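Several structures are given next for inspection.
What follows is chain A paired twice: with chain B in the first complex and chain C in the second.
Our next item is the complex of A and B:
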């Protein structure tokens, strides 16, 4: 382990600095465009070259054991923030920065360059990065709040009444969830005098069974996790956000939500590692989200809304992996999160292209698209197969592992649930594919000026990435599995 | 009820378009029933609680007698702030009961 790696905090600090810079350069489009593109190259480069390790912001001393937990008082709080960078963080950061890059390029390509808009994208990137890296529960909370504000701002920028409503509701429930997380943290701080996640985990394990205050903290933090992840009962709020943002931004929002799901679930599992009931509760909410999300997706007749519900139900599937609670299940869940964000990003970029080309995403108005844009139709078919877990694509590898993990955990019924979700996802998206590209009798005019070469390049790159991971899954899965085993959750 | 489910769907979906709309609603109905059945089997097999077992069976029976369920699910899953707030409050209560009660 490389201690005090200076590159680790740059993953958070640089996007924040760039956000301030492009904000100042608002209306100077050429400068904003240049800085955004250069920044993105740097953002992708840093996680790749950074070595695994930790960064200590203020000389925090790690504590191995807490023999006298009950005597720990508030004045002895260890306040040093720690960022930790391991295999899972590296994979998540690389995927996050690349997909942020694609979203920013799509925004620039549409001549929607705005200093403030770019600033919000960069702030959301900084917040997501901090959430992935943070080994400090209060620092984690601060950045979840920043992420919610930045995401709401990206939706508000659409400047339509329904996007204002969606962002407003997202913020209202954000306050409930934020208060819930903060109260949970306060209860833990009051009980153990600690904010560092590793220390807190040691202290709780040394303290034996959780006290009623600790149990209330678990409940409050779980509610916060459900909101941040977009699981039931927040699935409607989250799908509303995906639906009302520009589709190329929805591609980014769903990545952030799923990675926050993974990061916060890992925190919950580390802090309350010996508490089995938490896993059962997570599993229950995950199953409920999978069911509701897929049933709602099947009902939709608008492409963006349909994809939003598919994204929510797939988040449920990621949570199923965590709910199984075994290292194999958790690793499969994280692997599925990575696979799913790639496939969903393709579908959202296709929705963006369809919206630009045909000026609508209402399925009953669209049709005969294959004659106009055969490449996009072909990639959408491949992406449908990818997200439905059809070999040789990436989601097949993760769903297969989830089914195996279910059987190993003694709940093979969940394997059937995964298969049913795959069928539902396939039916929902193939219906959209048919109605956009094959249905005779289109009611829309084709905008011939929109060529969408950049979007076409992005979706081809992403589908190739899906295929590559599907053919060589171990290059992604093995580091994740080893990381999860090393956590001992 | 189950034997005339297609007629019920046809009647309910007159305003929402024909063909694919009815097809996908039927698919989601059968998926919903399958999910519920699997969920009940899971609870009955794994939960060490008579209350949970009885609860799951009663819910399953109730749902089977009230098909089609998808329209009810759709009605409950609107972006209404009232409904969402209700479900959030219900969830928090449920979490506290489960964790503090240790069901």
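Our next item is the complex of A and C:
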């Protein structure tokens, strides 16, 4: 019934090995460049060719029922770590590896090659992959901690006072979040004696109503989820991280954060599927994130900051899908996560290009960019339409499904929220577009040496991907929906 | 639950609350980092206490057992089922070990950041470092 594919763990192990290798090759730029490019091709290739299945690092799969789960006995405990690979994991892994590849290529193109820097990118890739694949809640926790350190390191690499402060704040709050997740795991382990997510889900369902200890565990894990996903009240910390990293790295960080959001929300729903209040709590925090994120985005006059808040508010929209709690809503949320990371990546790559070309991303200093880089301006306009949910782009398909799911779940008011977010996002980004490309009276000098052909190629490829998914949404959406239905959440 | 376990859980609670208080309320960057470390220690203590079984065996310190042991290796001592139901629960100890390693890495990065921030601002006051930020 289950394929024990050996390729599944390679998605985590290989980036880790490559991270160690490029770290040792620090200052040997040509070797680092060669290994990075070859590795990325392999990283993209593996998820594509890997079949759906489960990988057991040791032990056995529990298949029996859970008549009695209150005692902790060694033979009752399933000890092996499990990675599971289904349709959602495959789509997330393909998107993650491709966007990591684009970020790495942009870094290499800017002659910012450093063994340590590449190592951090690869570690963050390995951690995100493990989070997506893990069917073991402690393994999930370990890699969320690794991801926090790797992301902080990528921000630190900017070597500016602001980036040090952003990384410090991120790590301090990461400590609280990590402790919260681990305490939640400890309580579940104490109550049920299990760490495997599938087993836990069966055990909790067999045990009936959640115990008070179980309720505390839900609260702690939800707190951790809010932080890792950058949702309210941690939206400022996350947007600070996006803002202070190099824009091409921010494109990668927002992908990782949104995929962690999806992976952890799926875990919460699988483990605590019978706990109705969880949906309301998630929905509440999601709505706050959407509203606050979009209002703050509208106020910004710095492109990177603006995009950071847009990214956060869009993460709120993904969480709205989960908050609806229906298979349709959850599938629409996951679909929106995929669409949104593509559109946001385009905008961050455009910010990267603008920064290189004009040496600033302050909107009041920029202007008349359309005469200098008409292609980038045109693609930014398309990306604005894409992220605002305008047809025929991809986000239209996911936002439309979110509105339908809201109506189906008996909360059509949320549909209005989705539309309002789209309008706010459009206004915020079109303002940036006007100020960069059309506003007369530029105060910046154009760096004519920067051609940015690679960045241009990346943004054109990504906008074509957005268009393709927008025209053929079922290609991505149907496997997601079937996967969510099969989980029975 | 044994009094020992109650005491342990209470100590863990005190550690976590003290750590949170230091992290959120104290101005000194090093005290914040120490607070973060205390929270981790508190959670580790919770995990260790969960694994405690009053009067149980501790497989790790019994010289009869080693990593490659199979149930037959100690069949002369106990039936496997009996051993399993009397041994302390070793999985939380493994988790604690992993968490200590993660905690050490996180701590070292935070300390390195504290050094860099101190060199830039010549103060340990977080309030002064973050002054003027929106």
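The rule we apply is simple: the second predicted complex is superposed on the first by the 480 of 489 C-alpha atoms of A that agree within 3 Å, B and C clash if a C-alpha of one lies under 4 Å from a C-alpha of the other, contacts with A are read in each partner's own complex, and residues count from 1 in each chain.
The criterion applied here is as follows: contacts are C-beta pairs under 8 Å (C-beta built on N, C-alpha and C of every residue); 3 or more make two chains touch, one makes a residue touch a chain.
Quick caveat: nothing in here was measured; it's all calculated off a predicted structure.
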First, second, both or neither for A:190, with chain B first and chain C second: second
Contacts of A:172 with chain B and chain C, given as first, second, both or neither: both
Partner chain(s) touched by A:234 [first = chain B, second = chain C, both, neither]: first
Chain B versus chain C as contact partner of A:292, first or second or both or neither: first
Partner chain in contact with A:420 - chain B first, chain C second, else both or neither: first
First, second, both or neither for A:209, with chain B first and chain C second: neither
Shared chain A contacts, counted only where both chain B and chain C touch the same residue: 165, 172, 176
Touching residues (chain side chain A, partner chain B) in the complex: 165-166, 169, 172-173, 176, 180, 212, 215-216, 218-219, 222-223, 226, 232-237, 240, 277, 281, 287, 290-292, 294-296, 298-299, 301, 364, 410-411, 413-414, 416-417, 420, 423-424, 427-428, 431, 434-435
Complex contact set, residues of chain B against chain A: 16-17, 20-21, 24-25, 27-28, 31-32, 34-35, 38-39, 41-42, 45-46, 70, 73-74, 77-79, 81, 84, 87-88, 90-92, 95-96, 98-100, 102
Residue ranges of chain A in contact with chain C within the complex: 72-75, 77, 79, 138, 142, 145-146, 148-149, 152-153, 156, 161, 164-165, 167-168, 171-172, 174-176, 178-179, 182-183, 185-186, 189-190, 193, 195
Sites on chain C touched by chain A in the complex: 16, 20, 23, 29, 32, 36, 39-40, 42-43, 46-47, 50, 80-81, 84-85, 87, 89-92, 95, 98-99, 102, 105-106, 109-110, 113-114, 116-117, 120-121, 129-130, 133
